[in-house]
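These are the structures, in structure tokens.
Shared between the two complexes below is chain A, which has chain B as its partner in the first and chain C in the second.
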Partner chain A sequence: MSSRRSSRITDEEISELISKLQSLLPESRRRSMSRASAAKLLKETCSYIKSLHREVDDLSDRLSDLMSSMDSGSPQADIIRSILRS
Partner chain B sequence: MQATKSFEQAFLKHLLRGCRLSAVSYKSMSLQERKSAIKLSADVAMASARGGRKWTRGLITKLSKEDEHRSFLQLILGTEYGRLTKPCHGSWKIPRSKKIVRRSLRVCSRRKNNLRAPHGVKSSVLARTLVEKRTHALKRLVPGVESLDGYSLLDETLDYVISLRAQVDLMQKLLTTFEASKLGALSKCTLPERKASFVGK
Partner chain C sequence: MEPKSCSGDGNPSRNLHPSKPLMAANFLRCLSRIQQTATNSSVGSRSRRIRRAAYASMAYSAGHRRAWSWALLRKLRCRRVRPVILPRRPRIARPQVVIEIDRAEVLRKLVPGGTGMDYCRLLEETADYIRCLATQVRLMQTVTDSISS
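Take a look at the complex of A and B:
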């Protein structure tokens, strides 16, 4: 199934990687992780990545709203413009 | 685990540049177009600030597949664009045959599962299939990891998640800065109070 490489990756390294990944997941998702299985970890990681993608999407929306206010020639537009220019 | 300071600086620099290019060069952009440009800038900023990982190449390659993105990407990245989109010739052959093998395995197991009665299936087989399914789902979410498995896949995923979190965090900070400057412009004398109430948001 997984590629057979000659590199000697120890069990320790794998479990360290897994616990690092687990520690990144938000608190609310970690509650049932004491009985963590590979499938559970993958599922939680996938849904976390999806939620991060949604956040980026939402922040892009809000930033573009702000950029649009730049066209109005208001004092705040000048401030934003100067920040962008620096 | 966090992204480094140099990552943060490189990210902000690229993002601001992308925002500037999209705000100034394309004044008559619709809100949607501007949003896409900003999102594109943010993704490019994240990939180029991190550099040198499977997912960074995968992301840039994916983004440059759309013609309208390509010119914007070249504008932002400049000379880095060629370096980041150069294909890694070594890895092409193996993944292709692996994909075919995997696909045929999947078809075989599907046929087997259809013939077998549900209660006859061992839980370990089910567990393995679930892991496979979820691994495929993960590969659809993390760019550039199609050919990876096991440790390498998790390693790239970890790196990608750390970078994504930093991306979200920095975009939020940028947004806050812009919004605060707006409030500051409106009422300079009450600025400290306004700032305090804003930080609570």
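Take a look at the complex of A and C:
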């Protein structure tokens, strides 16, 4: 747990965190905001999180489909190797 | 755990969460278990289990270090949908731009444990949550690609 219990959050701290968030957005989303206001960035962040949640849902569906056609002797060693390579 | 610095140069590996191997191991273990035990269940229920496994492996990898993973773990362990009453800090009026506060309310609902933490903390948690979530998505994509090839 963070030990920072500042009752006074400086603007500098906030803008630092905001720019950190901005750097976490993928290229495609970042390009549309060259000089982002905090509000715009937060909106973009929310939209990005929602899209990530959707991707998890979609990939879960796809995995479920694929698993139904998989036999029990699945080549999991190959999968693990390719994941650790990426 | 010290978060990786993001230079924003577009290199995707910079935005991976440091605990990716742990997440991969957790997730694959869950998948294997699901495959063995859910052979006769519907595609939909298996999909739900996989989705749950995805969030569980994220939360377990981050452990108790983060407020979001803590909140996720609590939610996952309590299967029944029941509002969790968390001890809240008394709300102190902060001199901040009104628009930022409004936007933060949406963000608070998206990030697990987002309600009841101050704005600064919320931004930190969001950064870690996004990194972890993106790593999990990439992991699931890799697994899907491997299986379907």
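The rule is short, and it goes like this: the second predicted complex is superposed on the first by the 62 of 86 C-alpha atoms of A that agree within 3 Å, B and C clash if a C-alpha of one lies under 4 Å from a C-alpha of the other, contacts with A are read in each partner's own complex, and residues count from 1 in each chain.
Here, contacts are C-beta pairs under 8 Å (C-beta built on N, C-alpha and C of every residue); 3 or more make two chains touch, one makes a residue touch a chain.
Because the structure is predicted, anything quoted here is derived from the model rather than measured.
Once chain A of one complex is fitted onto chain A of the other, the partner contacts of A:S64 extend to both chain B and chain C. Shared-chain residue A:E27: touches chain C; no touch with chain B. Applying the stated contact rule after C-alpha superposition, one finds that A:T45 touches each of chain B and chain C. Residue contacts after overlaying the shared chain place A:E12 against neither chain B nor chain C. Residues common to the contacts of chain A with chain B and with chain C across the two structures: 1-2, 9, 13-14, 17-18, 20-21, 23-24, 38-39, 42-43, 45-46, 48-50, 52-53, 55-57, 59-68, 70, 74, 76, 79-80, 83-84, 86.
Here chain A touches chain C in the complex through residues 1-2, 4, 6-7, 9, 13-14, 17-18, 20-24, 27, 30, 38-39, 42-43, 45-46, 48-50, 52-53, 55-57, 59-68, 70, 72, 74, 76, 78-80, 82-84, 86, going by the rule given at the top.
Partner chain A is touched in their complex by these residues of chain B: 1, 16, 19-20, 22-24, 27, 31, 34-39, 42-43, 98, 127, 130-132, 134-135, 137-138, 141-142, 149-151, 154-155, 157-158, 160-162, 164-165, 167-168, 171-172, 174-175, 177-179, 181-182, 184-186.
On the side of chain C, the complex with chain A involves touching residues 6-8, 10, 15, 21, 24, 28, 31-32, 34-36, 39, 43-44, 46-48, 50-51, 54-55, 67, 92, 94, 96-97, 99-100, 103-104, 106-107, 110-111, 118-121, 123-124, 126-127, 129-131, 133-134, 136-144, 146-148. The touching residues of chain A, when paired with chain B in their complex, are 1-3, 9, 13-14, 17-18, 20-21, 23-24, 37-39, 42-43, 45-46, 48-50, 52-53, 55-57, 59-71, 74-76, 79-80, 83-86.
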